[in-house]
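First subunit A sits with subunit B, and in the next complex the same chain sits with subunit C.
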Partner chain A sequence: MARAVSTRTRAIYTVIAWAIGLLIFFPILWIFLTSFKTEADAISDPPLFFFFDWTTENYGIVQERSNYVRFLYNSIIISVGSTILGLLIAVPAAWSMAFVPGKRTKDILLWMLSTKMLPAVGVLYPIVLIARSLGIYDTYVLLIGVLTLINLPIIVWMLYTYFKEIPVDILEAARMDGASLRNEILYVLTPMALPGIASTMLLNIILAWNEAFWTLTLTTVDAAPLTAFIASYSSPEGLFYAKLSAASTMAIAPILVMGWFSQKQLVRGLTFGAVK
Partner chain B sequence: MLSSKMLGLTTAIALVATSGVMAETLTIATVNNGDMIRMQGLTDDFTSKTGIDVEWVTLEENVLRQRVTTDITTKGGQFDIMTIGMYETPIWGANDWLVPLDDLSADYDVDDILPAMRGGLSVDGTLYAAPFYGESSMIMYRTDLMDAAGMEMPDAPTWDFVADAARAMTDKDNEVYGICLRGKAGWGENMAFLTATSNAFGARWFDENWNPQFDSAQWKQTLEFYIDLMNEAGPPGAANNGFNENLALFQQGKCGMWIDATVAASFVTNPDDSTVADSVGFALAPDTGLGKRGNWLWAWALAIPAGTQKQAEAKQFIEWATSKDYIELVAENEGWANVPPGARTSLYENPNYKDIPFAQMTLQSILSADPTSPTVDPVPYVGVQFAAIPEFAGMATQVGQEFSAALAGQQSVDEALAKAQAIATEEMEAAGYL
Partner chain C sequence: MATQHSRSAARLMMTPAVILLLGWMLVPLVMTLYFSFLDYRPLRGAFDCCVGFDNYVRFFTSSSFWPSVLTTLQMVGGVLAITVIGGIFLAMLLDQPIWGQGVVRILVIAPFFVMPTVSALVWKNMFMNPVNGLFAYLWKFFGLTPIDWLSELPLFSIIFIVSWQWLPFATLILLTAIQSLDSEQLEAAEMDGAGVVNRFFYIVLPHLARAITVVILIQTIFLLSIFAEIFVTTGGSFGTRTLTYLIYQRVIESQNIGLGSAGGIFAVILANIIAIFLMKIVGRNLDK
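Then we have the complex of A and B:
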């Protein structure tokens, strides 16, 4: 039975929720506003909020100076590619860990997660040297491979948690009906875990989209994604905040829109299994 | 059978033919400074003259350093030309990581490069990077505020005069601060300014045997002078201010004086961005009568990493971008105030450039900096605002954090200096100097 919640309590919660939401959203809003300022307005003290001369010149300059579409295309290929590859590996891995665990499954899961604790720069040179000797520096293959490896522990963990929520009896029933292992995973498990898989996929695309260390280090021209596009607008000698904000807005817009449209799916997936 | 052989042959010929006509492409790593952006816009001139295409990779300064270091040490060959500074060039040149630029054409006139720039970018007399633009530091001041304070700025002021003027110009109620100086931690931020300033006070980073000198009276005098002055006549929150923050403050009319890179002169006198464009004067960085001024020396230069397959083409590009003709090309397209400054002697002899208000002061500042003898006492290192050893960047950034904390009032000058001494000693011992 649901507890009765008074209107007052509900109002307080709403206000708190909005306040937290706005606080988290504020940096993005500020980047968006700054992208429409002149460089002088962008650094004015006290900061200008809404009342300034709105201009779109920064977007014009950024469009003129960089090939945005090329960076965007690379970002899409790399983030979607690494997500698909990651899922292809992680779905069977999580299945085996959730439904046929061995003695060391828990240890393996923890060990996988522990690789996330290693500072990325610690493996910089080995990866650069491998990339060089394979001749795959600055290619999609390298970026997709590296990002898959980096995000794999998270994908496996998330999928493992979702799969654990699925009653093993259903899978057993399918097996008794003569379903092969492939059919069991493909036609029984996957449809039931779809919200979980979808939110894992979305989260992984976001993580890959935002990854800056490897994408900046392992690309030059051909595979450079939007992180490289943003990085090119910071300047040691000269004002750059407005142009940088315009570049950032253009870089985060696609993923923001995707997040907006899929937020129901995302929230459902992230809270999947949390409420009994 | 014959037809398949024919097909193979035709394909081979076609491949050879295509590779023959395909233009070479140079990949150049650079930073997002105004002069570099202008160069990118003018690249068509180079391509039309040589048929060589250019691909630009613009990166944030620290990312660029990390990328370039990784590429160079793994011989990755990702870049054919890289934009580096006066700090990296002697270190990398000595390690044979860069291609020596000792066979530049006669037309290029390498002797026209300002001697200070050439010296700072050479190892044992061999040039390893060609200066694209050079800078020193100088005082930029508000002539109207100086008049209102009843003072007159000499061309070569002392620190005492600058401190008196700063206090006289300060009007905190109206948010006017007598002096804006760097406070943000970093070897290229506050430590560039403080190391250069310490030279004027007779301090040095190391003695002839590489012993750190932060326990010296001169360093204490430098840091106390700086922090007292900033507390009395500096803007609030100065410990967070770097080049760009001070530029913004000066352009908004909030600084009486600003001592920083000479390249800032074109920004503060540009009426499009600066509210004080018509009332800016220039003077040499101050001294304390010990014979050294607190002005640094820096160049953004173009170098060829040893790993590239396109040395000849890369040299062609460097000759184009750092030539006298390039300066003329920029002047034609963007005006004389926007040509890359501080690299060539001939620019300062050009009558068109002599009218630029900050030109002569920039030249004098550059000429008065001596990287081989930066301070009063002898030192074992080269560099004015840095010591050109690989350990310096990391060490100076840590020391910079201590000095920045002292400016913010989080610790005393003595505490900051004691920590700096400990940091530098530990680092130098670990690196095997001591």
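Then we have the complex of A and C:
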């Protein structure tokens, strides 16, 4: 509903919007700045904004002390792994529901969504118990499995809303020409669905990356991702703001960039198509 | 349209997703339900079958139950109030013609992508710390005594942190909704002499009603299971123990599986009540 307004009104709105935007963003900027300070500068009174001795030593120390790279590696394996596995399961399901809908399709979609509402804490112990008895506690298998399952409804829904927008005529034409089901999916549907699949993938990696209930409760050392790595900083000893900032910057930077690219898809993905 | 062959192939393609989700939902839930009727405390070697509704009675009558329900309501309610009102305001502001709109939008959305543990730890230490936190400097600058946020105002502090994370979500969705508002309608109302307030209450707000409902429902589901923010900041002390956190403590910390499971079943029922409303809205949208 953007309307033509005078330059003065526009200037006022611009100033207010930028002020609020910067205020909201400030904590992230502050993390970033602090990560380049020495520990002494990080707690200096008055606080230092830009004029301090920029140093990158914190990044080295964080890696040395707690082996950041290992947690990063775990985060990547778990978030990418669960996303790919989720897509492998969800693409056929969403495809069939979007293009060959049956009487029950709507019910199944809603039911899938309802599994997302299951409070994690309600099933925490059984999952821990199953994991322990299978000997997969604190492993990639467990984390990838659990994150795949908790995000599967979102993946199916997002894909479904994308697939729904692909004109059925094209698929019918392909069928007329004798394309097999496999070829239809591989050569007709997939190219058209690729942007949708890509954004679903992106959003899912973000969600899995930041997931902090299961990753904190189901890991100890081996499979612990960045969420657990950061949580280990919660009982600090001595000066640590700059190191905490360096660790935080490294944990959020990749996802922040991905998030900015996927902001449009975010609305669709997180409201299950209820708001477009 | 579809042949019998493609129909059955389609069913087959759906099967893995359905079976996995069915298993994911049923197996742990049935186990939790089963445990909730046991006196099961592995650390003490207690395993008594069939204690009836003892765990439920104990869970509901324990001195920490009602405070945790109250804390949960305050936390969810507080965050919802801040994010929805703030989100409407921000969405309307971002919808105005401003220079660099795309950049401001990116700045506003950013907190949503920050890992919950990072956000909680950074706020706790770098902002809310009573000695070295940025708020302490700000307070001293104005000649005030710095506040020890997380022990003096723990609930408010956590609400504040969580709101910072969820405000972008509300803003983004409400902005998407507001952009579909017909500007001619607003201009017509303006010409007919409707003031800013009337235009907001009679045109903008009704248009946003559905998006607001969706925001409230989705956020409620996520907020009911807030965990990391409490885990990292107060660990459930100082009256910040929500229902989710209470159950977590019963199950993991005190290893009273029966009691925790009874609480878990209660949480599942609570979430389902909210879920029903959300499903109705989403379902209505599917028919279009």
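Brief remarks on what is shown
Please note the rule applied: the second predicted complex is superposed on the first by the 193 of 276 C-alpha atoms of A that agree within 3 Å, B and C clash if a C-alpha of one lies under 4 Å from a C-alpha of the other, contacts with A are read in each partner's own complex, and residues count from 1 in each chain.
We adopt the following convention: contacts are C-beta pairs under 8 Å (C-beta built on N, C-alpha and C of every residue); 3 or more make two chains touch, one makes a residue touch a chain.
Computed from a prediction, not measured in an experiment: that's the story for all the values here.
Of the two partner chains placed by the overlay, only subunit C lies in contact with A:L181; subunit B stays clear of it. Applying the stated contact rule after C-alpha superposition, one finds that A:I206 touches subunit C and leaves subunit B untouched. Which of subunit B and subunit C touches more residues of subunit A: that partner is C. Contacts of A:W95 after superposition: subunit C is touched, whereas subunit B is not reached.
In the superposition on chain A, A:Y137 makes contact with subunit B only, while subunit C stays out of contact range. Of the two partner chains placed around the shared chain by superposition, subunit C is the only one that A:A251 touches, whereas subunit B remains out of contact. Touch criterion met: A:I127 reaches subunit C, while subunit B stays clear of it.
Common to the subunit B-facing and subunit C-facing surfaces of subunit A are residues 43, 45, 124-125, 128-129, 216-217, 228, 231, 233-234, 236, 240. Across the complex, subunit A meets subunit B through its residues 39-40, 43-45, 65, 124-125, 128-129, 132, 137-138, 216-217, 220-221, 224, 228, 231-240. Across the complex, subunit A is touched by residues 1-2, 6-7, 9-11, 13-14, 16-18, 20-21, 24-25, 27-29, 31-32, 35, 90, 93-101, 103-119, 121-127, 132, 134, 137, 141, 164, 167-169, 172-173, 176-179, 181-183, 186-187, 210-211, 214, 218, 221, 224-225, 227-228, 231-232, 244, 247-248, 251-252, 257, 260-261, 264-265, 267-268, 270-272, 274-275, 278-279, 281-283, 285-287 of subunit C.
For subunit A in complex with subunit C, the residues that touch the partner chain are 1-5, 10, 13-14, 16-18, 20-22, 24-25, 27-28, 30-31, 34, 43, 45-47, 89-90, 92-93, 95-97, 99-100, 102, 106, 108-110, 112-130, 149, 152-153, 156, 168, 172, 175, 181, 206, 209-210, 212-213, 216-217, 226-228, 230-231, 233-234, 236, 240-241, 244-245, 248, 251-252, 255-256, 258-260, 263, 266-267, 270-276.
Contact residues on subunit B toward subunit A in their complex (touch as defined above): 27, 31-34, 37, 40, 55, 57-61, 63, 66-67, 70, 74-79, 188, 243-245, 247-249, 251-252, 254, 261, 263-264, 267, 273.
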